[in-house]
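Multiple structures are listed underneath, in structure tokens.
Next come two complexes, and both contain chain A; in the first it sits with chain B, in the second with chain C.
== the complex of A and B ==
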């Protein structure tokens, strides 16, 4: 296996991990909501894509465009309807994390149950852009390359948005010091809702992309949520670039081990890396010291 | 006091009169209102996909059809009794499966329990069935331990064979192909690090050594692997004519998809669970041509054709071409065993399953030492259908297509 094969496979897998986790890092980092139903909101757009593609012959790329406002709206509503009462009651204090974990854990079963009723437990999959692209003698699937491109674009774009615009500064202010942000006239709750919605848009985009190349079923959400959580914590909570980097790191580590040592050890390497980061940089690779 | 004594004598006189008239006691009692059948299966979790494809549609169709006919014929009461279902979700967890099974038997007091999907969970619930003396019709379970287990578990019946039987059938076929000069002696093999994958890989390793094959690649991968590129690139470089993957449905899809993209097209490609699913045919279409997997179906059989039509009508989806037909046949065995006994007598029904002969969609079914052995071990997609190819002597076997044709787009 040549080095370029490893590089491409690692980058596409890592891009996937990074992309899937970016929405969670926004939701957790800014809105302080540990969204356990995150994986279900990744699978739901995958099902939507499947229906639109197989029943209406729509291109998944159009669904990708549709997913951005739809994902935003759904999660924004979840925040306003389900989570705002919790935020109010807890005064956004430490109790919010516990309460939101329980609330979103419940939401997980509601969304998963609804998908099971509609689609059953079966696996779904369709063909899109499953064509080889040759890069300097190495081969990669077009749909996986698309994930990497989107991950880098979204990661870069959001990073620019957060660091170069006024809105971004507001979001960062809420992320860093939610209690003090309101002293300078920031509406913390609306900013949190905005960040939560943006996380929703991101997870919807990942769902559409994932449906292009991975078979999925109504019960698969948790698996994605767990992976995303690892990436988020490794990257430093609320840090978009950290998220992408941690995702890529995991992708490369898995691919390297699978190629040169043993594919049976990928999971072990995953958790080994996670453990190392927790031991030596408990706030994550790019995390700031404890707030 | 006087009235009580009178009633006592009247009651006994009535019973005495009935016995004198020769009325069978069973009819004197009321027939049960329903036959209670319970199941704890994976509606959620990693096993839900396999369960929804192979188990649930068959369980539901079986109950629906029997109830539409008025119920199970219990001849001891001379009437048909409908089935009542008690259902739990085992959430794909062995602990939960055991707990729910125990509950079905002790709290809900159902008459029979139908098992979950998957080798691990069937083995997990085995002791509970044995403890409460319920017959276990383990269909979606492939283990080399089956012949030993049935010695301890007198109530367990295994319908899907052992890993060795699949591996032996596959490698024997490969040996024939090798002798005919169609393939070389190199095999590349991967397996999922879970019950089914480990069992079959162990068996295949032994079979390969026995039949003079060299394993040039032999690795496992964990559940939830989302990229097979490293494995497939490695396999590509090994120059093996045969690629075997003992995989589960999501990885079976992934391996097919990525092999196609990476241009891995060995002469023989044998994949695990999922390669026989209707979704596989739908997704890969003409590209599925020549792909092999465990199972297979004799599509020339009218009983099978009829079963396929009823299955589609009942659940709006086709059955899979591996365990579905066996799953339904096992339910037919249970139904006929109950009807032959004619009442709810679990010991008698279990004994009937052990010794009786049953007429099913697979033809006559008779268990040998609590095991069903008349199975398709290797099947292959040919012109849009997954035919049984090995054992080649079995009625309805198709000659295998070798080499596997190139991927289509």
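== the complex of A and C ==
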């Protein structure tokens, strides 16, 4: 493997991680819910894409478009139905953190169990855009490049939405100061639901993208959730650009270790990085202060 | 031990342990014995978990990291060392690992600690897998130890008695008071001069030592282990939910949660093996929504005594 191959593989993988983590950073940074079932809502759209593509002959790109409203609706409902009672009960105090972790934990098992019942424990994949493209003497599959492009587009779009629009300002206000946001007439709970839903749209999009180029199985969700968490913490909670940077960093680290040291150690590298960041920069590599 | 009520409590506890110890002699049923072993195992795990997490309110998902290390100690050293030696090594490993982890990370709080502890379990599993694949070239190990089911039962019972006694003693000491303050408000604890890090690390080490030894004791029951058995995340989750159901702050709370849930999970996994994960999740959610403060709090409200 030459240097350029590693660079490209790292960038495509890292772009995906960044995209996956952006949704989580919205959910945790704004709604203050640590959604442990996040990875399951990535794998479920991947299965949906598989079914739509292999059974109904739909193009994955159409599913990608469909995933945005669907993902939003599902996570918005999860927030309204499952999490609002907890927000009320705890008064959004410190107990919310623990309670929401436990509740989404239960949800993780339910969704994962349902997928295991329907699809079993096997790996699934389908063929789409796996044509090789030559970039400066190195080859990369077209679907991998697509992932990187979508990650940059969605990340950039979301960044613009949050920094340039009124709605974005409201969301950022809630993220920075939930108690004071209320004083200027912002409906904190609705904004939280909105951010939670936006996170859902993002994770659904990443799920569809994952299905295009990686074999996936029903029990892979936890792995994605862990990686997203690592990226969120590395990038600084609620920091979208930090997310993308940290995602790329993780992608490079993984690719480097997999190609030059031992592919069996990629997860160890993940957690090693995670621990280092937690210990030395708990507010993230790119964050000023998390809260 | 001043008041007569306390003497009665210790006496009742000792009698209960003695009665339970005699049970397998009278009972000649392997299935019931293995059920009792499961109940005891989770009782020890949940009580040991609550030893640290009950008063500090840190949600740890690292249970299986220590449990698995214990199980591997038996698998690796079972034929080399006498049984007491194996347990001693497991104890030592648990304490050392907990001290390293604790000193490095117990400044983290809330969600960071949860994620970290979950990551720790995964990391340990990955490292053991990597070692087995690359160094020993075999992924599984057979556990050859001459230990009967009854011995496992008695050893678990002994561990349970020890960990309960330790919790009872801690509640009477300055350490217990310090812990309660930390659980209420860590900032206050720091301001009244409690060295919160030392307190937490000591407790974490004690809790982890019990969990590691439990893993070592349980290993002979499987005869064959590999990383996915010894480090099955479900062990952490079940321990957590049992302690929470009973009420981790109370002395007997974890026992109250462990016994019914072990039986429930046993029944569910036997009757609905394919849907077990869904049902486990639902049980989790029901407990979080309906019994947020544990069964102990419900009993207290009914009984009217604090």
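In this text, the second predicted complex is superposed on the first by the 274 of 291 C-alpha atoms of A that agree within 3 Å, B and C clash if a C-alpha of one lies under 4 Å from a C-alpha of the other, contacts with A are read in each partner's own complex, and residues count from 1 in each chain.
Following the convention adopted for this analysis, a contact is a pair of C-beta atoms (placed from the backbone, for glycine too) under 8 Å apart; a residue touches a chain by one contact, two chains touch by 3 or more.
Keep in mind that this is a model prediction, so the values were computed, not measured.
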Chain A as common anchor, with chain B and chain C clashing or fitting: clash
Which superposed partner A:267 touches (first chain B, second chain C, both, neither): both
Touched partner set for A:153, first chain B, second chain C, both or neither: neither
Partner chain in contact with A:141 - chain B first, chain C second, else both or neither: first
Contacts of A:16 with chain B and chain C, given as first, second, both or neither: first
Touching partner for A:89 - first (chain B), second (chain C), both, neither: second
Touched partner set for A:112, first chain B, second chain C, both or neither: both
Steric overlap of chain C with chain B in the superposed model, located at which of 2-10, 182-190, 200-208 or 218-226: 218-226
Chain B and chain C contact sites that coincide on chain A, given as residue numbers: 112, 116, 262, 264, 267
In the complex, chain A residues that touch chain C: 28, 34, 85-86, 89, 94, 97-99, 101-103, 105-114, 116-117, 222, 226, 229-230, 233, 262, 264-265, 267-268, 271-272, 274-275, 278-279, 282
Chain A partner contacts - residues on chain B that touch it in the complex: 42-46, 48-49, 51-53, 56, 92, 190, 193, 219-222, 224-227, 229-231, 233-234, 237, 249-250, 253-254, 257-258, 260-263, 274, 277, 279, 283-284, 317, 409
For the chain A and chain B complex, residues of the former touching the latter: 1, 5-6, 8-9, 12-13, 16, 112, 116, 120-127, 130-132, 139-141, 144, 213-215, 217-220, 223, 254-255, 258-259, 262-264, 266-267
Complex contact set, residues of chain C against chain A: 57, 59, 104-105, 108, 110-112, 114-116, 118-120, 122-123, 126-127, 129-130, 133-134, 233, 237, 244, 274-285, 288-289, 292
